[in-house]
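Report on one structure; see the data block that follows.
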Amino acid sequence: MTGPVTIRIQEDDFDIAREIAGLTKGRTDVGAVVSFSGICRGDEDSAKISALTLEHYPGMAEEEIRRHVDEAVSRWPLNGVTVIHRVGRITPGENIVLVVTASQHRQAAFEAAEFLMDYLKTSAPFWKKEESAGGTGWVEAHARDDEAAARWTKS
Amino acid sequence: MKVKYFAWVRERIGKAEETIEPPAGVRTVEELIAWLSGRSEAYAYAFEKPKVIRAAIDHAHVRPDAAIAGAREIAFFPPMTGG
Amino acid sequence: MTGPVTIRIQEDDFDIAREIAGLTKGRTDVGAVVSFSGICRGDEDSAKISALTLEHYPGMAEEEIRRHVDEAVSRWPLNGVTVIHRVGRITPGENIVLVVTASQHRQAAFEAAEFLMDYLKTSAPFWKKEESAGGTGWVEAHARDDEAAARWTKS
Amino acid sequence: MKVKYFAWVRERIGKAEETIEPPAGVRTVEELIAWLSGRSEAYAYAFEKPKVIRAAIDHAHVRPDAAIAGAREIAFFPPMTGG
């Protein structure tokens, strides 16, 4: 791949425009950029949420994301990838995660971004704890996320 | 061997990491879980449903039958909920 | 759908961050935002391009995009959609088109954005003329774009 | 009836729009293309490959066999290349 790879785990918010510019500025070989941002919602399955706290496994989280970025780069013709995952306390309306993919063609950019998000959900070592009026509790994994990730497995 | 715990596994055990020396008969991840579970009520509670527990050796996901020989760092945690 | 729909055809560039904020700011019901930006490349099938000029059919272009946005809204649970298509002269590295979709869940946001892009490519009345060292010429439609659009047809 | 032309159809015909009054026997889009093609060399060149030409009646895509009766505005153009 000819292009930058950025992986960051941080407490601070991110600036989507700056991250997209980081993959495209001064270049004329990128034809398609897809960004996915995941945002903390104020309710989950009809329960009101006042905040999320995100815990991660330092070291492994970066390595696991890097492995999936490497796989995305080997599967699709990409010109750049950025993955940023926030940790710490996040309130509804705030950003949680960002994936940006750049490619010559739109289908590669779309598929690589979906692939990365599906794997972030199921295999990157992050855990969400929810605060609501009823107390705090760890978010349970969704079967639908496992199914979404399984569709990328080569048969 | 260093062991790390995350999310509710960490909370139930009451610590984020420790150094352990399991006996020679403990060869796999699932045997290590069984051995840890016998240490106290807190460990037994953390590992009460071993099938739910995920494990990583040296930052890579492993299955319950993975050998722990040579591992520098083993981590136990619930299914991931990032993204 | 509870959320804004914006469709604009304009000569000016767009600000991706502002358009994303327009779908998310002050809200806590959006969990996923996908943006697609299409950028003018400096070469197409190995020919160097110095600029594109985009022509459109005023009136029909807006209506055609609106019809597809309405279809996307009926097919996926969306919280907002923005489609901006530039016209006029555009040089390599500049933005051409933007699609932003917001939803509670990521798969709806991804699929709706792909659907809209596939239809913009094949059915919205826009035409590209390329300027290169060898002269100017109208871009020919790609069979792969028709195939991409066909996958959304209900059977 | 107003007719509009876009992209290379417009360039070949040499105008972006005009008002026409086709004879009563011209009932469909493809019959209109054939009638227009007979007007001059420029029209014949623009419509030399009728299968490539796309048409819209009152801002909606139509097929070659669509009736033109009642149309306020008919447009002819090459396959779209936006996005």
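Annotations
We just call them A, B, C and D in the order they show up, numbering each chain from 1.
Methods note: a residue touches a chain if its C-beta (ideal position, glycine included) is under 8 Å from a C-beta of that chain, and two chains touch if they have at least 3 such contacts.
Everything numeric here is computed off the predicted structure, so don't read it as measured data.
Considered apart from chain A, the assembly falls into separate touching groups, namely B | C, D. Taking each chain's centre as the mean of its C-alpha atoms, chain A lies 26 Å from chain B.
With centres set at the average Cα position, the gap from chain A to chain D is 48 Å. With centres taken as mean Cα positions, chain C sits 22 Å from chain A. In chain D, no residue reaches two or more other chains under the touch definition. Touching two or more other chains at once are residues 38, 117 of chain C. Chain contacts here run in a simple line, from one end chain through to the other with no loop closing.
According to the touch criterion at the top of this document, the contacting chain pairs are A-B, A-C, C-D. Of all residues in chain C, those touching chain A in their complex are 15-17, 20, 24, 26-43, 92-93, 104, 106-107, 109-110, 113-114, 117, 148. Interface residues of chain B, counted against chain A in their complex, comprise 4, 6-8, 56, 59-61, 75, 77-83. Of all residues in chain C, those touching chain D in their complex are 38, 54-57, 59-61, 63-64, 85, 96-97, 117, 120-129, 138-141, 145.
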